[in-house]
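Take a look at the structures below.
Each of the two complexes below includes chain A, the first together with chain B, the second together with chain C.
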Partner chain A sequence: MAAGMGWGLALRRREEPLLLVAAGAALAALALLPLVSLAGQLATREALLGASRALSAPRTWALFMSSVGLAAAVTIASLVVGLPLGVLLGRTDIPFRRAALWLHTFPLFLPPFLLALGWFHLLGRGGLAGSAPGARLLFSPVGVVLILALALTPVVTSLVVVGLQAVDPSLEEAALLVAGPRRTSVRILLPLIRPAVALAALVVFSLAFSELGVPMFLRVGVYPAMVFSRLGGVDYAPGEAFALALPLFMVAVALLVVERRAAGRRSFAVLGPRSREVPALRIGRWRPAAIVFAAAAALVPLLPLASLAIRALRGGGFSKLPQWMGTSAWNSLLDAFLAGTLILALAVVIGHAAARRRRGGVGLDALAVLAFVTPATVLGVGLVATWNRPSLQAVYGTSAIVALALAARYGAVGLRTAAVSFSQGSEHHEEAAAIGGARFLRRLGRILVPIHARGLAAAWLLAVVFCLRDLETAVLLYPAGQEPLTVRIFTLEANGPEPVVAALACVQVAMTAAVLAVGSALLFRRKT
Partner chain B sequence: MSAAIHLDGVTVLRDGRKVLDDVSMQIAAGETLSVLGSSGSGKTTLLRVVAGFIAPGLGAVSVGEAVASERGRVAIPPEERGIAMVFQDLALWPHLTVHGNLSFGLESGRVPRAERDERIAAMLARVGLAGKARKHPGELSGGERQRVAIARALVADPRAVLLDEPLSNLDVGLKQELLGLFRELLRERGTTALYVTHDPREARALAERTAVLDAGRVVHLGALDELRGRDDLPFARSLVAALG
Partner chain C sequence: MIRKRVVLLLLVVLSAAFAVSCRSRAREVVVYLSIDQVFTEPILRDFERQSGVKVRAVFDTEETKSTGVLNRVVAEAASPQADVFWSGDPVRPMLLVKRGLVRPYVSPNAAAIPPAFKAADGSWTGGAARARLLLVNKNRVKPGELPRSVRDLADPRWKGQTAIANPLFGTTTMHVAALADAWGDDALKDFLRQLKANGCRIASSNGEVKRLVAAGEVAFGLADTDDAAEALHDGAPIAVVYPDQDGMGTLIMPTAVVPLAGPNPEEARRLVDFLVSAQAEQKLVDAASHIPLRPDVKPPAGGKRASEIKTMQVDYARIAGTMERLQPWLREWVGV
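Let's turn to the complex of A and B:
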């Protein structure tokens, strides 16, 4: 057929699949190649023997199970707090619920170890409200669970709020005719948003399981830290790191399977705006307790941030910032903006294909999710194996490797957001353009992108803030002298002056808040 | 008269169920054919097969002389069929003005700018929307949006136009007014049309021939009045009753 009609026409007719193939190849190079390289490192007899030794050590599996247990505990705690809080802030009539949601969600966009640092300045031995029992609690597995739960509960809360907004109002109204608000919430609303809750649980588990900064700071042994230690310092043994990454990868595959079963097909449909407003649920006599609960959820996350600011101010940390910060804040922004833009480019094509169930689209979405749920240590080790070659130093030796790694790890964040936006829009807009004679690229540029501009901007913003908060990926790959701010804070935390480290943490908080504020102002401005 | 659209044994399967079952029909150039049926009878699927959004599992669709799709394969994609469509939800692009909505298809056909502007102005005047070219769809009334949708479909002089229940959500007065406008426009331009509806009176008002679909099969193809007295056909009685 192609010969008959000419290659030009044949290619133009295949614009959509060709673009999807190109985006898919880029995503595979970012997310799949490192995993394949990792497998390649273990394909020799010596490597297999080493792997067998590393994996048969009892400490390996004890640490692995302890990490799974920690992540599970964080997930359960996040669900216990996040589910009722999501209903309260998303559907009830308590005052200032929007402001409370913003304050509660903000810590999600900060590296969790920064919150641990703040709690340390508050509850540690020399802290503002420090005591020996408080310090003991902090430097224990319970402390790790509590801090990670505080950091990650907003994932559950915000997905519950967004999920509730997508519920057909008539389903809720039909229930309210025969049941009270509490029964309606528990029996109707929460089951309807089950896919959103499943997605939230999965995200919390994978982020908690991957976490390196908080357990290392609080001196609690976790499996990803053991892999990390094999890539530097006295335990340096890269071969073992490759082997030890295998169980982590197995967990990632298991999480992907769970995600496909629990939320996969419906995950785009459960998130989106309501067709019309319905009155908020009245909570009657529970209102005072609910207000206290919501106020606590909004204000408790501010405590560690306030303690960081006080520690920095008391020790004159801010005045020493110029000599300690270097270019790290700029590096963070550059890496995040580059990665966010790359993610957006992939998300437009793959997100559209996934939302419209095009052939290959769902598979590529699954690959992006796999990279997200794969612990950063595994992805990082794979990226080292792939890119650390003399011929690739133009990438590996520069910030480009950090941007590529961030794009691989957080691609799913942008891709899913874009897919949700596309799936909420009428397919008829595209079909009307197609039948009007426009091929895919023109439909994309003139119809899809302008109509979904807000959703795509949100995808970019979310990807950027997730990249800004990253420590686990960047710490394995940053080139000398070009570390992002999170890595700078993490490396200084052990030996640097406390007020300066606290001041650097405040810069990270301010930088994230500024990006979110500017982005949100642009996103939510009224159309003229 | 030659067939502008020809369906030959078209079958569409979805989840193992036949949404269209061995549908065959010809629509002559310049003819308007109504397609009548209840919800789920396959009316919209029929339009989507003709538009090229869906390939038939079995059978073939020809547009003009060319086979456009057959047996699971779309040979001519929607953008090359020269067909226009008015969607049930109208699908006006909200970020483009009325002029932008009409201009989009003409730009795809590489019509020079001066000619585009001239054709758009003439079409807007014809549908009673002169002076609304710079408005966005969100600034128009329901009836005006319907007029934009029909103007967008016809401005590029398509080979055929597919109308998917475009009047289903309107009040009776506006429906009558727009039905008259459709009829005039299709006649004066000699455009082939496939008009999907669930209202027998609409079907009869616009077309001499009607295809009645039931569970994906064509159970009648011809004038609706031919069904009078056909008590042997289960669907005929209710249709005739609705016609009055």
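Let's turn to the complex of A and C:
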């Protein structure tokens, strides 16, 4: 009896590490096991020889460096536009800045290939504003950089805006006593939000580096396409694909190290509401130019969406939707909601551990980021190898496998958001409750989750929206007849009626906008 | 309040998940396809209506055409999911035969299909076919100067004015393998090197080749019958050339219905019977401007029967082996 009570007590005392171990094991099963399973396919001499041949070929590294250059160009372009835009929309007195921020950010939540499709209908041959030079530019590395930069700049802009909110107002006010708004922004505000900028650069570089849909659509060779060719070509060689993905893992680790160095111990505590409101910076004579810049940043990313809508309207695509859409929109929502909920469950435990620098927390955060930058095709084939077993058909044969795959790939999105939320709160509440005898699960349920409900809801919403925009993960393993909308658009794009494909793309846009609108309305409801 | 909402949301999500996982699996068949969804989905719906069997489909994307779902069948070999593979060509299914993933079935409906377009053991049965064509932009090429052979793609006279699709994917993979069998590996490699030196553009797909030719960005390119039909339907200034009619002949690729070792063998046989029937072939011929193989199926308006074309003599099983052998070299040639 006493021994039983002793065990119970010990378990209660160790609730937090045990829960972290359980969440960590789940994350490892989702993100690490598939990669280990693929690595196992390198166990034969023949596979190892093939892998070493592929890795030692000069063209492998030429393509790798070209992809690094492409992703770097996208990152630089995003920073060049996103940093000033973030300051303008986050801290200055230009009109309609909140609306401009929403419009500017929205394309981030759409599949990049859909934006490429929109630009094709606008600038491609036969497009609304099509011309030979425009088409040539579009179907070139420059076109890839521009489209990805337009799609990913909102990452920088929004993180800068949110980062600025966390800056101590007194520092800004002190700076304004001796310097103008421009000098204050450049010398005080931007250095203070360096961790947010580092995080933004990490996310943009990762997404640009692992992007497959846009470069393939625009016929530009990239390293992930080389990995994909070992999975999508005739001589199917998943082990070799894994070996070719190893340099990508090295890039992921390097990015994490750079981000941690840049952010220091403030990795997660860089975003959050400011303690009190301060007046917006007045930018004086630069105001007209700033308004034009902000308006362009808000409206240009919407051009491809408008061209899709016009193409759908002109060809009667909307009237044919019932014939071609099937249950794909519902499948998308179900997959995304399931995955978002799973991500949230993991994010509450792991995000808390990462924010509080618990042992293992930061390592699990790194694992989630690793899965985020792993080519979706590699992760997908690993998941097939891991989960496609007769005893696991309840998972593999249903939407559950897509939800697990999405949770593996986008776990980092929810985890980071939850970590940021936890790091904004004081540890004192938790410590006081712990001293009062509340065990971890109780503290989690009664204190942490209620206090951070809004942050956690934001983590869920972000995860859901990222899952909604996914194409490359789901396309490899969706259950037959249950394809998400992005996959249906992509498969119908092959010789399907253009107006119908454009109309389906518009449905994807509307669905994402609706989820964001409802989610945001619920999130910010109590504020007003 | 927020907690209640979260609990409610969780309940909704879990109920939906439960509903999905408990979905009835009675009388259904799983089919993987590498033929365009836009053409095949209506045929599958016809089968559903006539048989009462639910069809669950996985379609390929344009870029990985024919190999994406094929590799999914291979990846799922440990616990097969698909009952039928409806392939755009009969070559890739040979890779599945080699791996023991096919469950042969000789459909009684296949009796009218010529023996050259089906396997005697029922491992695959051919249907409406495509031919590899030269699509020529009439604004850029005078009638008397039309190309006549695939070799014209490498003719210096057309430097920088031709296009083919990426030979790692789609029907172009099979075409280069067929050329290797006809000419020998070395001659094929020389030809492809000449193509590169001649500035031939490597498009992402046959559809992209069609767009390049239709827009006049190149003078001519290699694509399929259905691409030609679509361009003509859209009013593009296109002339169609069946290449090598005075030489080795034009490559014809029948679609192939392949019964797999999936979990629904009875329904799979019913679907195979339907897909190789005259009704399904006629629908595919009409929708995708394919070439009919059966005598009781009419060609599309302005189209031809297989018997009216001088076709390249090929051994599909041999092409499959050549295709695998050529892959490393082709990847290097493409640059990935």
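We take it that the second predicted complex is superposed on the first by the 495 of 528 C-alpha atoms of A that agree within 3 Å, B and C clash if a C-alpha of one lies under 4 Å from a C-alpha of the other, contacts with A are read in each partner's own complex, and residues count from 1 in each chain.
The definition used in the following text is that a residue touches a chain if its C-beta (ideal position, glycine included) is under 8 Å from a C-beta of that chain, and two chains touch if they have at least 3 such contacts.
None of these values were measured; they are calculated from a predicted model.
J.: For A:Arg13, decide between first (touching chain B), second (touching chain C), both and neither.
T.: first
J.: Which holds for A:Ser158: it touches chain B only (first), chain C only (second), both, or neither?
T.: neither
J.: Scan A:Ser37 for contacts with chain B and chain C and give back first, second, both or neither.
T.: A:Ser37: touches no partner chain.
J.: After superposition on the shared chain, which partner residues are touched by A:Pro479: those of chain B (first), chain C (second), both, or neither?
T.: Once the two structures are laid over each other on A, A:Pro479 reaches chain C alone.
J.: By residue count, is chain A touched more by chain B or by chain C?
T.: The partner making contact with more of chain A's residues is C.
J.: Thinking of the overlay built on chain A, is A:Thr341 touched by chain B (first), by chain C (second), by both, or by neither?
T.: A:Thr341 contacts chain C only, not chain B.
J.: After the superposition on A, what does A:Ser210 contact: first (chain B), second (chain C), both or neither?
T.: Touch status of A:Ser210: no partner.
J.: Could you tell me if A:Pro450 is touching chain B, chain C, both of them or neither one (first, second, both, neither)?
T.: In the superposed model, A:Pro450 contacts both chain B and chain C.
J.: On chain A, what residues does chain B touch that chain C touches as well?
T.: Of chain A, residues 450, 453 contact chain B in one complex and chain C in the other.
J.: Show which residues of chain A lie in contact with chain B when the two form their complex.
T.: 13, 426, 428-429, 431-439, 442, 446-447, 450-451, 453
J.: Once bound in the complex, which stretches of chain A touch chain C?
T.: Touching chain C: residues 57, 59, 63, 125-126, 132, 135, 216-217, 219, 221, 225-226, 228-229, 231-236, 238, 334, 337-338, 341, 381, 384-385, 388-390, 393-394, 396-400, 403, 449-450, 453-454, 457, 475-483, 490-497, 522 of chain A.
J.: Which stretch or stretches of chain C touch chain A in the complex?
T.: 2-3, 5-6, 9-10, 12-13, 16-17, 20-21, 23, 30-32, 36-39, 54-65, 67-68, 70-72, 74-76, 78-79, 81-82, 92, 95, 168-169, 173, 202-205, 207-208, 211, 215, 217, 226-227, 230, 323-324, 327-328, 331-332, 335-336
J.: Quick check on the complex: what are the chain B residues that touch chain A?
T.: 51-53, 77-81, 83-85, 87, 89, 91, 93-96, 104-105, 108-109, 152, 156
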